[in-house]
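One chain, subunit A, appears in both complexes that follow, with subunit B as partner in the first and subunit C in the second.
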Partner chain A sequence: MFRFVLRHFNLYVLTLLVLCIFSFWLAYLFPGDPLVNLTGLTLNDPADYQAMAQKYHMDSGILVQFWHYLVLLWDGDWGFSFSSGLPLYQEIFDSLPATVELSTYALLLSLLIGIPLGFLAGLRHHRTTDNALLAASVVGYSTPVFWLALLMILLFSLQLGWFPLSGRISLLFDVPHDTGFILVDIWLSDMPNKGAAMINAVQHMVMPVLSITIVTTAIVLRLTRRAVVEVMPKEYVQAAYARGLSKHQVILRHVVRNAMLPILPLLAMQSTILLTNAMIVEVIYSWPGIGNWLIQAIYQRDYPAIRAGMLAVSTLVVSLTIFIDLLARIIDPTRERGARAKI
Partner chain B sequence: MPLLDIKNLTLEIESTQGWIKALDKVSLQLEGGEVRALVGESGSGKSLIVKSIVGAIPEHWRITADRMSWKGQDLISMSSDARRRIMREDIAVIFQNPVNSLDPSASLGEQLMESIPDHLLDKGWFWQRAAQRKQIAVKLLHKVGIKEHSKYLQAYPSALPDDICQKFMIASALAASPKLLIADDPTRGMEVTTKVQILKLLTRLNKIRGLSILFVSHDLLAISNMANTMTVLYCGQTVESGKMHQLRRRPLHPYTHALMESAPSFRKDLPPKSPLATLDGTIPTLQHLPIGCRLGPRCPRAQRECVKVPEERRIHNHFYSCHFPLHRSLK
Partner chain C sequence: MPRFSLYQEEYHPSPLQHTWLAFRQSHVAVIGLWILGFFATLVVFAPLIAPFDPVQQHTDTLLIPPAWEPNGSIEHLFGTDSVGRDVLSRLVYGCRMTLGISLILVLLAMLVGVAIGALAGMTRGVRSSVLNHLLDSLLAIPTLLIAIIIVAILGVGLVNSMWAISLALIPQFVHNTRDFVRNEMKKDYVTAARLDGANKVHLFFITILPNMVEMLVVQGTMALSIAILDISALGFLGLGAQAPSPELGTMLSEGLKIAYMSPSSIALPGSAIFVMVLSVNLVGDGLRSALRNRMRQ
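Coming up: the complex of A and B.
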C-alpha cells in the first residue's frame, strides 16, 4: 500500500516539475525580455531592473535561475499582471474557485443524471430505450459547447427571459469574498437578503452549469452503459442468478459495484474536458473564473498571466487526475495493487 | 416421479452461419438420492446442460424441450419468480470456473452469507441475523475443509488460490441444504488430498441427507467411485445412459467403449509402455458438426445409415442411441 501511494506521489511531483519547467521556459519563449515576462513589471529605472535581476538571479546559469523560480513559486510570488498590475497569485486564487464551483456542480449533476441513465441503457442493451439514450448521448456529446451556450442564451434569456444573461450574481448584492464559492459565501455571510441572493446566484448558475452538464452527462452515460454491458454477461452475475437472487438483488449487490469500479478512473480523465468546457462557457457567460481570466490574458498578450494561469490550471487538472486514480485503486479490491501509477 | 426430468432438450446458438444446435435432443433423468455422472469430452456441452438447467443462458439463445421438469413442475413455462424460488431452495450449482463465478469486488464472506437463505436463521431480531449468518458460514467452511475461516472470510477472490475459491463455491452451494447439487467439475485444479476430501464430503451428504448429485466431470475414476448412474454425452447428443456398473461392464455405444478404453486406470490388464486406445480425430467444432450421429466420422463402426440420427433404444434401464451397438455384430 505504501509503495503504491509513493508511486503516485512520485508521478505527481515529477509531472509538476515538468509543468514548472515548461512555465519557466515560456518566459524565454515569449517575445520580450525574460525578466519582464517573469516579473510582469515594466522596469524603466535601471536600479529597479538591477534589483529584480538580482532577485531572479538572471546573471547566474539557467539551472540556478530555475531553482530560484521554483522557490519564488513556492512562496507565492508569481509576478504581476501586465494589464491589471496586481499580483498574479492573488488574481488566480480569486478566480479559480469560481471555475471549480462551476465544474463541481456540473460534474455532480452529470453524475446524478448520467449514471442512472447509463445503467438503464446498459440493462436494456439493444432495445429501444438503449438506442434512444445512445442517440441522445451522441447528440449531446457532439454539440459544441460554445454554440450550445449561445443557443441557450438566445432561447432562455433573450426570448423567454427566464434566466439572466451573464455574470455570477446581480450587482445589487454585495457578497463578501470569503471562500470564493459563491453559494457557500452567501450561506456564510450575514447579508440582509440572504434568501434572495441565493436565488439570484442559482439563477445565474443554471445556464452555465447546464451547458457543461450536457456534454459531460453524455460521456458519463456512455461510460456507464459500456461498463454495465460488459459486466452483465460475466459468469459471476449468472452465478448470482443461479444462486436464486432476484434481479434487483443481483444488480444492487453485484453489478453496480463491478460496473462502477473501472469507470471511476475514467471519469477522472474527463476532468480535462470538463475544465476546458467550463473555461469556454465562462467566456460566453462572463463568469468571473480562471478561464475567462486566462482568455482575457491571451487577448491582451499578458505574458506573465498566461504563464502563471497555465501553471495553475494544469496543476489543478494533474492533481485531480492523480488523486482520483489513487483513490480508485485504493478502494478497488479487484485490481493489482503494485501496478504503476499513470495519468 | 423423478426429481429432475429432461427429455429432448435442444439448445440453439446463433452464429454467422445461422442457428447451431449446441445441444441436440439431450435426455437426462435424476431420481431422488441418486448420484448421476455426466461425462463427455471438453466441448461436448456438459456445461451447457448445467447452464440450461439453472437458467443461466443468454436470452437470445433458443431453448426447447419436450419435457424439462423439477418434481413434475415444468421449468420452462414456469414464471421466473417461481423458478428463482426453486433455485434458491432446492437446486444448488457449483460452477466450473470458481474464480470467474465469484464476484471480484465482494469479499468471500459476503458472498457466502448471501447464499444462506432466511429460513435457516431462527427468528431473532434483525440485528442478530448477521451474527447467525456468520456462524452458519463458519460451520459450512469447516465442513468443506477450510480451517482458517477468519482469514478467508474477509479476503477477496483475486487474493486467494483457485482451490480455496472452489471450496467457497461448494460451501455456498451447500448453504441452502439443497435437494439437488449440480457439480460442474467440482474438483478441478485441486490437489489429490483435497479432492478426496471434497468427494468424501459429497458422498457423505448423498448417503446421510439423500442429496442427489449431478456430477459433471472428466475424472472417470472419481465418477466410478461415486456415481450410481451415468450419462455419456458426445458433441451435444446423449449417446448412452444407464447404471454405472452396467456401462462399465458392457458398454453398448462405441463412444462409451472408447471412453472407457482411453482411461488407463480402468484397465487392469494394460501392459507397460503399450499405446493407449484412442478414437481418431478430434471433437468437431460447433461450426462443423456432422449430420446424423455426430460421432459418425470418428466411429470405427460407422456405416451409411449413420447419417440419420439414431433413435434412442433401451434395454431395461439402459438407454443408447446407435444404429450398430456393440452387442450386435456388423453385417
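Coming up: the complex of A and C.
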C-alpha cells in the first residue's frame, strides 16, 4: 500500500518534471525569440529587454534558465498572453473550470446512464435487449462529436428554438467569478434573479453536455457490458447460485461489485477522450473553456498561451490519470500491474 | 457451412480460417465489411468513379440542390457547392483522402508502436520501468493538445496534423504489444524456442510476431476509427487539411457557411464520416468477438 503510493508519487513528480521541461523547450521550438515566447511581452525597449533577460537569466546556461523558469511557474508568473495582454495564469484558471465543469457533468451523466444499461445488456447477453443496446452504442461511438454538435444546433436551436445557440449564460446576468463552476457560482452568489439565472445557465449547458454524453455513454455501456459478461460465468457466481441465492441476490451481492472493479481504471483512460471531445464541443458552442481558448490562441499565433495552456491541460490529465490509477490499485490490489480493461 | 463428408474425415481449419468462419457468423460484421470494402474501392479508384474534378469550379452552376430536389439536375447527383464544385466528386475524393491517410497513419503508428512495445516487453529492470511508466502517463495527453502543439511549432497543414495523430495513436500499440509480449514470454513454446538457442530478435520475429497478427489487426481497426475521427476533427477546426482540399472534416466546416441555404452540405460529409467509422467499428467488433470465440474453444 505504502509502496504503491510512493511509486505513484515518484511517477507523478517525474512526469510533471518532463512536462515542465517540454513546456520550457517549447519556448525555443516556437518561431520567434525564446524570451518573447516565455514572457509574452513585446520588448521593443532595450532596457526592458535587458530587465526581462535578467529575470529569466537568459545569459546563463540552459539548466539555470530552466530552474528559474520552474521557480516562476511555481510563483504563478506564467507570462502574458500576446492577444489579450492579460496574465496567463489568471486566464487559464478562468477558463479551465468551465471545461472541467462541462466534462464532469457529461461524465456523471454518462455513468448514470451507461452503467445501468451496460448491466442490462450484460445480463441479457445475446438476447434482443443486448443486441439493441449494443447496436445503439456502436452508433453512439461512431458518431463524430463535432457533427453531432452541429446537428443538435440545427435541430434544437435553429429549428425548434428550445435551447440557446452558444455561450455559457445570457449576457443579462452578471455572475460573480468565484469557483469558476457556473452553477456553483450562481448558487453561492446573492444576485437578484437567482432562479432565472440558474435556469438560463442550465439551458445553455444542455446541448454541449448532451453531445459529449452520447459518445461517452456508448463507451461506458460497452465496457460495463463486457465486464458483466466476463463476471457472470465465474465460479463464485455459480457457487452463489448453488447456495440457493436468488438471481437478484447474486447480482446485487456478487456481480455488481466485481463487475464495477475494472470500470474505475477505465475512467482514467476515458478522461483523455472526454477532454478532447469537450475541447471540440467548446469551439462549436463558443463555450468559454480551455479548448476554445487554445484554438483561438492557435489562430492568433499566441505562443505563450499555447505553452502555458499545454502545461495546464496536460498536468490536469496526468494528475487525473495517476490518481485514478492509484485509487484503482488500492481498491483492487489483485489487479495486475498495468492491466487495462477491454471493450 | 457443412462440408460434404463422404469419409469420416475431420476438418481442421487453420487458425485464420477459424477466425474467418467465426467472423462470418455475425451478419452485421459482414455488412460492415462490405461497406468498408466499398470505401476501400473509393480510395483506390476515386479518379475513375468521381464524375468531375473535386476542385474544379463550374461557375455557371452554383449551389445546385441535390438531384432528388425539384430543381436539382442529374448531372450533379449531390448538387454543387457555393463555388460550383461537384459535391459527389468532392465526397468521393474526400473519402479517399480521409480513409487513405488514416490507413497510412495507422500503419505508421503500428510499426513504431510495435517496435517500442516489443522492446519494452522484452527488457526488464529500470530501463523498462522508466520507459513504461513515463510513456504511460505522458501519452495520456489528449490528441487535440498534441495536435495544437505540433501545429503551433510547424504551422497549419495536413502533413503536420498527420504527425500529431500518428504520435497520438502510438501509445495504444505500445501498451498492447508490451502486455502481449510479456504474457507470451511466460509460455512454454517461447521457452522451447529459447532452449533451442533462439536469440531475442528471433524470438520476437519468428516465435511471437505470428501469434500477434490478429491482435494487431483488431487493434488496427480501433486505431483506424480513432484516426478517421481525429483527422476530420482537425480538418473541421481548421488545424488540418486546408480549405480547397476535399477532406471530409474541412468540407463540413466549409458547408457550415452555407448550411442555411443547403442543409445537405453539412449532412453529406458528416454522414460519410459517420458511415465510414461505423463500418470500421463493426468490422473491428466482429473480429474481436470472432477472436474471442476462437480462443474460448
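Observations, loosely collected:
Operating definition for what follows: the second predicted complex is superposed on the first by the 332 of 343 C-alpha atoms of A that agree within 3 Å, B and C clash if a C-alpha of one lies under 4 Å from a C-alpha of the other, contacts with A are read in each partner's own complex, and residues count from 1 in each chain.
Here, a residue touches a chain if its C-beta (ideal position, glycine included) is under 8 Å from a C-beta of that chain, and two chains touch if they have at least 3 such contacts.
Because the structure is predicted, anything quoted here is derived from the model rather than measured.
Taken together through their common subunit A, the two structures put subunit B and subunit C side by side without a clash.
Of the two partner chains, subunit C is the only one that A:Ile298 touches; subunit B does not reach it.
In the superposed pair of complexes, A:Ala240 makes contact with subunit B only, with no contact to subunit C.
Angle at subunit A (Cα centre) between the Cα centres of subunit B and subunit C in the superposed arrangement: 70°, in steps of 10.
Legend: residue contacts after superposition of the two complexes on their common chain; A:Leu183 is shown touching neither subunit B nor subunit C.
Touch criterion met: A:Asp332 reaches subunit B, while subunit C stays clear of it.
Contacts of A:Leu264 after superposition: neither subunit B nor subunit C is touched. Touched residues of subunit A, counted separately for subunit B and subunit C, are more numerous for C. Judged by the touch definition given at the top, the superposed model places A:Leu29 against subunit C, while subunit B stays out of reach.
Annotation: superposed on chain A, subunit B and subunit C show a minimal Cα-Cα gap of 8 Å. Residue ranges on subunit C touching subunit A, taken from their complex, read 28, 132-134, 136-138, 140-145, 148-149, 151-153, 156, 175, 178-179, 225, 229, 232-233, 236-239, 249, 252, 256, 259, 263, 266, 270, 273-274, 277-278, 280-282, 285, 288. On the side of subunit B, the complex with subunit A involves touching residues 51, 54-56, 58, 81, 84-89, 92-93, 95, 97, 100-107, 114-115, 117, 156, 158-159, 172, 176. For subunit A in complex with subunit C, the touching residues are 11-12, 14-15, 18-19, 26, 29-30, 135, 138-139, 141-147, 150-151, 154, 268-269, 271-273, 275-276, 279-280, 283, 291, 294-295, 298-299, 301, 303, 306, 310, 313-314, 317-318, 321-322, 338-340, 343. By the touch criterion stated above, subunit A contacts subunit B in their complex at residues 233-236, 238-246, 253-254, 257-258, 261, 332-334.
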